[in-house]
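For reference, the structures are reproduced in the following blocks.
There are two complexes below, and they share chain A, which is joined by chain B in the first and by chain C in the second.
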Partner chain A sequence: MIKIKKSEFNKFIENLQKNYSVFAPVTDGKATAFKKIKSSDDINNKVLNTKRSPKEIFFPQSEVLFQYTEKGMEVPKREEKPFAIWGMRNCDTKSLLLLDKVFGEAHQMPKKDMYKDPYWKEKYDNCLVFNLACNEPLSTCFCNWFDGGPFDKTGSDIFVVETDDSFIFEAVSDKGKKFLTDCKTTENESDKEIKKIEKLKETAESFLAEKEDISSLFSKTKEIWDEPIWDEIAAKCVNCGACTFVCPTCHCFDVSDEGKGNKGKRIRLWDSCMFAIFTKEASGHNPRSQSTQRVRQRVMHKYNYFMDNYDEHLCTGCGRCVVVCPTNLDIREVIKKILNYKNEE
Partner chain B sequence: MIQNLRTEVKKLLKDKKVDIVLGWEKGSLPLSSSPLFIHKEEDVDRLIFDETCRNNLTTYLTKDKRKLGKTYDKIGIVVKGCDARSIVLYVVEQQIKRENVIIIGVPCNGVLEKKKILQKTENKEILESKIDGNNIHLKGRDFDLKFPLKDVLCDSCLTCRYPDAPVHNIFIGKPRKEVDIKDEFKNVIDFEKKSSEERWEYTKDEYARCIRCYACRNVCPACYCNECFVDQNDPQWIGKTPEVTDSIIFHLIRNLHVAGRCVDCGACVSACPVDLDLRIMNKKVEKEVKERFDYTAGLDIDEKPAMVSYCENEKQDFIMG
Partner chain C sequence: MKNTYIPFQMKVKKIYTESPDRTLKTFDLSYINEEDKFDFLPGQFCEFSILGKGESPFGIASSPTEEDILKFTVNRTGSVTNEIHYLQEGDIVGIRGPLGNWYPVEKFKGQDVVIIGGGFAFTTLRSLLVYMLEHRKDYGKITVIYGARNSDLFIYKDEIEEWEKRDDLTLHLTIDNPVKGWNKLTGFVPTVVKEVSLDPTSWCVVCGPPIMIKYTLPVLTEIGFPDEKIYTSLERRMKCGIGKCGRCNIGSKYVCIDGPVFSYEEIKKIPEAL
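And then the complex of A and B:
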């Protein structure tokens, strides 16, 4: 465990920037997002859930895969320094593990080592993730439903707790251990600090709403696929893509070519299962032409299909979609409705 | 008021005058409401109407995906002034038949803008809230604020001239009548005074934040095209990335598509997850239509909309230069 006084925070970030491209929560005009910072002054440690999720650091909304001319193609040059992400919350660090199952770990069905996404891996594999504990979770947070928590460390390299006057660092992964060992700061494992952290953790957890038992969610979603409950759930959805775009785990994408004259580029960009065009086929047929089908797809992907493939729910309970939905279609209520649904037959 | 509304809605359902009623219920977040689709009398007690009822529910009548307006013979819908004007738009544009909707007007004092509230609380979370007459009281973990309600009403409501449904079958409560608003286009006039560089900088910075989720389009009652131009890919009209020039094209074309049709309900502004200033351009277009054709959308079922009628003496300088 290492302690850094808040007065030394600027210096710490400066040092970090020597070897890393540092990303952190930044308030830019009206929106908060994870952005590459110039100096520690840019960092907003107060914001709990950034409006845009940090998935965009590794999986940007639009990413040039390659550029081409008549002479050939080239892949754009990447950053030389590895990434360090300061101030991620547990729901977001966990979401990186989920996305890594899709893009990085490559144990997709049906067989292992099918495909590893070089664009993702290049950024994610060498990055250093600082998970900042949530001292004051929001009322929209439901990470505890998915076995996360304001002081959970899953998915991070270094776990950080902000106390009244300092940041206390704890190594979680080997990468994190190495980083902290290399930091020439004195170890500090006083009982006083440990007690302080325990107290903060207790307070933070008391802010969270009661945990919902979702152990039957997977089996339940399987049972109800064809039931009319989906009409009820989807009725008020207007099929915008706000939930999917702010979601830290939604990862569907489209590929688009933008060219002019003898040059162009191929771009990968976020897509959304909420859009009618998402499944529209070249023939004009659309297997998910109805809103209900699209809402069901999103819910099923999160709580059933992903579980089927990777043994985890594709949701970490960050609550961003709850906040942005223009019609207050609250995913927590959707889950509860599914869990409480009784088949009439 | 709310009891009268519920009684009236129950009666409509009981007498089978409507198959479904669209209204609002209490939302899951502080100061929020959520659309409510009432099929059965027992659900009527969930119906509310207050300053949190910001959704323009008429959007559900036309959207291709739902076709509520075509699925049901008779639809009851609770409306504020702006919402009722959207229905007028649908009738004028022959999207729904007037006799298929029972319009239930409610007196609107303006609805809350979540983004303004968060500015007041400096983005801190609201845990308790109370609306007390013309004041609003908010409490969070480390704040306790009380201020006038009008500070946090939608911009559209602050310049709204038609708070009561101009067309309705039933009106619950006391109408507010037409309100005398003199500076309806103040934001546009102020913006017009800026240099073109300043206007460009502002517009560019705003639209650079757009994430192209199309929430603005999907909640908009005037945006009911079966296939939006941004979704067409053969040919593809604009780039699909959130590159600022493409985002600007999307928003400007949407502005022009709703010219003489936008009722300034503010649904797009409220829906935007990244808080874009979507109103200024819509209001600019509304002002142009008003000045050139003396037309205000959504007021009269028998009046031809500005974009489909023609007068010999109307101003044509925008064509002739």
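And then the complex of A and C:
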């Protein structure tokens, strides 16, 4: 554990920038999001859950897969410096681990390498993640349902607690340990600091609503797949897709070409299972033409299908979808409804 | 690490117009670089792209035994397939593959096989049939049921003529409605499957439009085929082909990597598969 005084924060970020492209929560008049910063002045340490999730650092809304000319195809050159992400919250650091299962790890297939996503791996594999503890979780936070928490360290390289006058750093991964060892402008912690952190943690946890027991969510979702409850759940949904765009774990995309003649590029863009066209085939056949089917797909993918493949829910309880939904379709209510549903048999 | 999103280039070697209305064309592609050649088995697919226009998934219609080409049959229906139809012999296209799994040809060895196809979905079934005919002595009785809306819409008509002449293959062709001059079967595929007497100890492969698959599988069950010996190939609007983009997700499976070939036994466990 090491401590950096708030007065030294600027210098710390400056040093970090020497070896890393630094991303942090930035409020620039638009939605708060993780952006590459020029200086520490850009950083907003007060915002808890950025409006847009940090998945876009590694998996941007649009990304050029390759450019082509008459001479052939070329993958755009990336930044040379590895990424350091400052100020991620536990719900987001956990989401990176989940996305890495999709993009980074290969599915259980022969010739595994071909199933790895080079664009994700290039950015994610060398990045350094600073997880900033949440001193005052929001009313929409439900990370505790998924065994996360305001002071949980899962998915981070370095865990950071903000106290009244300092940032206290704790190495979590080997990468984080190495970074802190190399860090010179430091001072060791005291018992006083540890007590301070304990107190902050206690306060933070008191902000969270009661933890819902979701241990039966997997089996329950499977049980009710064919039940009319989905019509009830989907009734409010307008299929706008906002939830999928702000979600830190939603990863569906489309691939399209932009070009004329011999020059152009192939791009991937975020897409959403909420849109009818997502599954519509050229023939006109659409396996998920009904809104109810699409809402069920999103809920099932999060709380059943992903669990089936990877033994984890594809949700970290960040609550962004709760905040942005224009019809107040609250995923926490959906989960409770599913858990409490009684089959009429 | 291999970047699976980057296609390699192939040359359009020969184009066949399959139907008089020109909605169905077959493209034989030849490799430009020897190192791009890949091994595959019947049932696998590729992403076929025209740079600047886009990419679409198609089942490989050639057999692995036709070593120098890849064959695709394309129905002209959307923006990418339109562009594919504009191709001329000699043009360059992009290919990514082979993707997905295949019909279990190993399990079929020494066994009777029934192939049931509909319309222009006969592509991977052609691959399978040509492959089995090429290794004829490895397989038992081969029966093919192939249906189309009308006789113009059968693909590979020249080859069908050749197959009809063979005595080591039973071929049933059917069209939806009776027409003057058509002396083969009439009726939808599920009905025909019921009518021609099939031996339920055979293995069975079904591929066709979704509606055909949906109504044919229960008929096979009725006849007595066990679920684990019935195979079908699903289609979805696949983009990445490597289990990332999420478009072909059904249940905990991805059609592009866990399929497109599934047994009826598996299909029954996957919600929304049919």
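Everything below uses one rule, namely that the second predicted complex is superposed on the first by the 334 of 345 C-alpha atoms of A that agree within 3 Å, B and C clash if a C-alpha of one lies under 4 Å from a C-alpha of the other, contacts with A are read in each partner's own complex, and residues count from 1 in each chain.
To be clear about the criterion, a residue touches a chain if its C-beta (ideal position, glycine included) is under 8 Å from a C-beta of that chain, and two chains touch if they have at least 3 such contacts.
In this text, all values refer to a predicted model and were calculated from it rather than measured experimentally.
A.B. asks: Contacts for A:Ala24 in the overlay, against chain B (first) and chain C (second): which applies, first, second, both or neither?
C.D. replies: A:Ala24 sits against neither chain B nor chain C.
A.B. asks: Check the residue A:Ala235 against both partner chains and state whether it touches chain B (first), chain C (second), both, or neither.
C.D. replies: The first partner, chain B, only.
A.B. asks: Quick check on the superposed pair: does A:Cys134 touch chain B, chain C, both, or neither? Answer first, second, both or neither.
C.D. replies: Neither partner.
A.B. asks: In the overlaid three-chain picture, which partner chain does A:Phe66 touch, first (chain B) or second (chain C), both, or neither?
C.D. replies: Only chain C is touched by A:Phe66; chain B is not.
A.B. asks: In the overlay, answer first, second, both or neither for which of chain B and chain C A:Leu269 touches.
C.D. replies: First partner only.
A.B. asks: For A:Asp254, is the partner it touches chain B (first), chain C (second), both, or none of the two (neither)?
C.D. replies: Both chain B and chain C are touched by A:Asp254.
A.B. asks: Tell me which partner A:Leu208 touches in the superposition: chain B (first), chain C (second), both or neither.
C.D. replies: neither
A.B. asks: Just checking: does A:Glu333 make contact with chain B only, chain C only, both, or neither of them? Give me first, second, both or neither.
C.D. replies: first
A.B. asks: If I apply the document's touch criterion, which positions on chain A are contacted by chain B in one structure and by chain C in the other?
C.D. replies: Looking at chain A, the two contact sets intersect at 254, 256, 258.
A.B. asks: Once bound in the complex, which stretches of chain C touch chain A?
C.D. replies: Spelled out, the residues of chain C in touch with chain A are 1-7, 49, 51-56, 75, 77-78, 80-81, 209-210, 235-237, 239-240, 242-247, 249-252, 254, 257, 271-272.
A.B. asks: In the complex, go through chain B and note every residue touching chain A.
C.D. replies: So the residues of chain B in touch with chain A come to 27-30, 32-35, 37, 55, 59-60, 63-66, 115, 123, 125, 127, 141, 205, 209, 211-215, 217-219, 231, 233, 239-243, 267, 270-271, 273-275.
A.B. asks: Contact residues on chain A for chain B in the complex?
C.D. replies: Counting only chain A, the residues touching chain B are 28-31, 47, 51-52, 61-62, 136, 138-140, 235-236, 238-242, 244-246, 254, 256, 258, 267, 269, 272, 275-277, 289-291, 322-324, 326-330, 332-333.
A.B. asks: Mind listing the chain A positions that touch chain C in their complex?
C.D. replies: 65-66, 68, 73, 75, 102-103, 107, 109, 113-119, 121, 225, 251-261, 264, 266, 268, 271, 273, 278-283, 285, 287-288, 293, 297, 300-301, 304-306, 308-309
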